[in-house]
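In what follows, chain A forms one complex with chain B and a second complex with chain C.
Presenting the complex of A and B:
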């Protein structure tokens, strides 16, 4: 009986643990899966001729001859579209008044839809914003626009709460010069846009064009790197020195207990508090820069990760066997020499793990850099400008593009691309931590 | 002596170069898209310049100007008296530049059958005397009031133009941090009502007619749409004519700048005739 209860409890625990692990894996797949799949869409997608044209114009990339030839072909294929539009425009004034009233707004919508799909009409002056100079550069987006041209979205309020109704526009234009446009768009969409599998690895390093409508996330990636590396450059020496002091020099007592609890409290402070502190202290009081800057952001992030670095270094140092230290002392090494040549090397794997994990945290944090370093739009900055210039950064700009941007729905691929890139950077840092740890541990053993 | 002069000259030279190739903008999320598009356009013509734009809200923009952490503060409202006073006490001379006009469309979920409201009805909804859409000709559904946060210039403008200075917004109102976030909340919430800058309203939300007038460029310019306002860029002192700030703000009065403002969806300041 006793044995059976025990076995039962044991099994119950094992299955609960398996369930927990399984749930965690499922959750990870559920969260990361879509991010990776959709994020990959920023790098690999069906690009239209508009994409290739944009790349040639804006980045001077691609085979100019081939793109020009293709563009001429496409213009040829698009001619019937524009012919239908202008024929209908001429026909419109001659139609009966009632019919005219009905068709005019619909025609306006169709014309605007075509401009969104294929870019400005030939002969029209070029728009001022780059986002309006080209048609849809991505095939999936083009298909959405195509649907918007062919179907009118309206709301039916007859049943009380409104219901979305999609009505085909084609019957409305039956018998007019615009009628051939709809089957043409449906049948020849591929000829009008020439979708082709496109690899765009330089999404990672390209600058953005016109508030992220085109181009890549280079300045954000660079900014994130600067901030994370900068934070570590500041936090690591301070953290390790503090840890050595706590472990090797300080005498236990009320002061130490107080200092320890300070470090622990610091670890529990919400990150937005660090952000506001960074603004008030580093920028408004210390004037480390005239406004937001990478330096101010890195200092703030350094404060944020400092407790983690101290704690992990402390634990790594405490885990070094006492015999190492005693051995070194017995051979006549002083405390400083013992720390430098015996204790630190032995504690290195643990310290490094803490550092790399903190770096992942610094790369992903948003709140501390809102007021100290991050801007919505800015250039890639050189290493000499980090003390004076602010920078875009992945975490903050992801938030910005998902909430504040004026055309959130048009740039979904950039948002997912950014999210996936950020997750990959953080995961890669963690992987590096594991590898370093394994390597150093092996070296120390051998 | 000579060395120190050279050093001083170098430092001064660097400082001037620094000041000339860098422009920092902070403030309103409504003015943000205009500032971002101007920055892009300007940097394309002048590749050596770095113009950065932050969108932290009008209130934070004013604070940044006060603290000297930005060159241009974007505000979707005028400076408050308290802000002006604080700046003057610090020896700053805030100068307003109107870059565009904006209507404040009142937006609802597109499934809402209400086509328009009067100013009084909107006031009633935001102060809590009207709580259900059926009271204003809609279906039987509770009204979800969504407002901008108190740091926002859009909030201040709306409050001043619609509710009156001392009005108190209903306690159950949701406060949201940016124009884009307002639009997203409204397009996801059936009973929602809110307001945002003209350039942020697309077909995923429905802009109501107010006193029978729809928010459009024409109705803003002929002042028939009752909730219209100016969008500002503030500088400390009038910027020198050849300075980066002056050239940047001056964009709003060029043809290209006007076109940019119009394409984003706001109303450019008309050319003087």
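Presenting the complex of A and C:
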């Protein structure tokens, strides 16, 4: 082969390889980007006057006087909207039958849209569902609703694939009492809702109100913490003891080989199978609780992370220099004392790294807790209820909110907020692990 | 010399120490066994709850029939389409992930300078650490609408009826399998050793030639076990396929049509357990354990294959 071809192939290969690495980095950004950007929207957003009213009513937060004054102003600004609606309602029976038939459904849609945008009309009885008591609390969502009022959405299938078509409703109502409503909504939307930059850090700890329409993700965060900490409390002692045994006591032989390959196999068991096992063993056989509970979930998760804890602890113990052990032995320490006072302290950073990474894994796992611990709707549970109560958890509820919730599209910000929170928790734990490792590396070098 | 008395142990003390040591040792051994043997407990309890299904309904229909109608009277539990769904999604994911994964591993172990590698390692770890439900959420809310729209841009105005399909799940599963493939292959490439590379360079080979013709063949068993681990990761994954694959118990027509929805074993277990009566133990409950058992057996086989490859490689290296 020509030198030139060989060199060309070499270059091509190098760039393909670098491209693959670039692709990987790109994937990471592509996945995390939207989740972080939109997830931040749960904590920082343009909140409307409805948000402030809701916070005052439901959480007793905010300056009552100021919110009330603002509310009175807003009601003043909204008066023309409601006047147009009621004027048209009076006008409607007098219209010709054909026109009435045409306008009635459109009017109904507009009126419902206004109720969704601004909340129930003044003088109406208070709706039973909390979600209907207020208008749009977030400005971005309010703008979507505004568009839904002003335009009718239909699908055009003439080109094969369906295409969304928006037709303005305004021409339909030309000449009626409702006509001024459309320019009013377009022009004065800010006056009607008063969007303002709002920080809502307590999204992390607040309870949710009316199936996550309002409020935060406190119960889920708490549940995830219980499950992750509980799993580690069970897995860490077991894992470290097993690691010590494997590294310091075990004589190589068929028994040890077998136990080792058992641990390896455990690491490969699919997570959903752990869930099945948790259901069949911890709940239906051992009856650790009458139904799903945090305890059953933590036990299941503990099994799941056990191989990781064992392996990382083993590696850390194996990395302790032989001289440490020999030094301790030479000073007359027995094997127990050597392990407890010399080997474990020296291996501690490595063991911690494994623990922290496993905790991140336990916090993020969903499949093992579906049958053992997780419920879709739940309160914050106290530490005493761990053995008897199921709990909501970030991972499970993220699934639940974006697939099974009755209004998936209305609560996108909660879903993204939950996803971002979960990712931040898990990545923060991983970052801790990376920092510990870097420190150990520096210490070994120094 | 007061302390010297303590250094010499009486026979009783020696015996006491010995007994204590032995006790401690057996305690450690007991705990270790519990930890290690839990995998056998898993196998036992899954098999125990799967057994009634195989006893009552037989094996043939489960593996070879595509009629999955658990809610009918009488119910039918043919899982062939679900097995095919799992297989299709897993193999596509691995096929998508292996070439970039191995290339990225080569790049990280041999091409990039050490400092860049130090930055990339956390990137791989982050990709691995992102919870599967978050990947599923991404597949559902970002990738699915994108896929659905992308049909318009393709030549001929291709119509993609739904963004949740086998392709979506495969792509995401591929991304999830990527970190495993990269890090295990990279370890294997590193383990191939410096001498091998230097020898090849000394003979005048370019870097690409060295890597493809010398290093990769030497590391092939490691790369193979990386692929196996990737398969296991993709096969056992639940949330992504549950959220992104469409969950239709059918074999796509034609079978390679990835734009149709499929249903996998893991998603069926996760999705149907709520309907299956958990306590009384209906056939629907037991069939889900039969699926769990199948998954378990597949993962055991993959593990055995992996260990076999590693031992064979070790023997080959020892043999020179």
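Note that in this section the second predicted complex is superposed on the first by the 404 of 446 C-alpha atoms of A that agree within 3 Å, B and C clash if a C-alpha of one lies under 4 Å from a C-alpha of the other, contacts with A are read in each partner's own complex, and residues count from 1 in each chain.
The definition used in the following text is that a contact is a pair of C-beta atoms (placed from the backbone, for glycine too) under 8 Å apart; a residue touches a chain by one contact, two chains touch by 3 or more.
As the structure is a prediction and not an experimental result, all values here were calculated from the model.
S.K.: When the two structures are overlaid on chain A, which partner does A:16 contact: first (chain B), second (chain C), both, or neither?
M.R.: A:16 contacts chain C only, not chain B.
S.K.: Is A:178 touching anything from chain B or chain C once the two structures are fitted on A? First, second, both or neither.
M.R.: After superposition on chain A, A:178 lies in contact with neither partner.
S.K.: After lining up the shared chain so the two structures overlap, which partner does A:84 touch, if you call chain B first and chain C second: first, second, both or neither?
M.R.: neither
S.K.: Of the two partners chain B and chain C, indicate the one touching more residues belonging to chain A.
M.R.: The larger set of chain A residues in touch belongs to C.
S.K.: With both complexes overlaid on chain A, does A:301 touch chain B (first), chain C (second), both or neither?
M.R.: Once the two structures are laid over each other on A, A:301 reaches no partner at all.
S.K.: So in the superposed three-chain picture, is A:403 touching just chain B, just chain C, both, or none of them (first/second/both/neither)?
M.R.: A:403 contacts both chain B and chain C.
S.K.: Would you sort A:356 into first (chain B), second (chain C), both or neither based on which partner it touches?
M.R.: A:356: touches no partner chain.
S.K.: Have a look at where A:284 lands relative to chain B and chain C in the superposition and call it first, second, both or neither.
M.R.: Once the two structures are laid over each other on A, A:284 reaches both partners.
S.K.: Per the contact definition in the header, classify A:231: touching chain B only (first), chain C only (second), both, or neither.
M.R.: Once the two structures are laid over each other on A, A:231 reaches no partner at all.
S.K.: Taking the superposition on A as described, I'd like to know which of chain B and chain C A:379 touches: first, second, both or neither.
M.R.: First partner only.
S.K.: Touching chain B and also chain C: which chain A residues?
M.R.: After superposing on chain A, chain A residues 160-161, 284, 370-371, 403 contact both chain B and chain C.
S.K.: Within the complex, which stretch of chain B touches chain A?
M.R.: 18, 22, 24, 26, 29, 32-33, 35-37, 39-41, 43, 50-56, 64, 67-70, 110-113, 139-141, 177-181, 183-184, 190, 199-200, 202-204, 256, 259-260, 263-265
S.K.: Mind pulling up the chain A residues that touch chain C in the complex?
M.R.: 6-7, 9-10, 12-14, 16-21, 23-25, 27-28, 31-32, 34-35, 159-161, 238-239, 241-242, 244-246, 249, 259-266, 268-277, 279-281, 284-285, 303, 306, 310, 332, 334-336, 357, 360-361, 363-367, 370-371, 395-396, 398-399, 402-403, 412, 415-416, 419, 422-423, 426-427, 430, 434
S.K.: Which stretch or stretches of chain A touch chain B in the complex?
M.R.: The touching residues are 127-130, 132, 153, 155, 157, 160-164, 209-211, 283-284, 290-292, 370-371, 374-379, 381, 385, 388-391, 400, 403-409.
S.K.: Across the complex, what residues on chain C touch chain A?
M.R.: Against chain A, the touching part of chain C is residues 7, 17, 21, 24-25, 28-29, 31-42, 45-46, 48-49, 99-101, 103-104, 106-108, 111-112, 120, 122-127, 129-138, 140-142, 151-152, 157, 159, 175, 178, 182, 206-209, 211-212, 229, 232, 235-239, 242-243, 266, 269-270, 273, 278-279, 288-289, 292, 295-296, 299-300, 302-303, 307.
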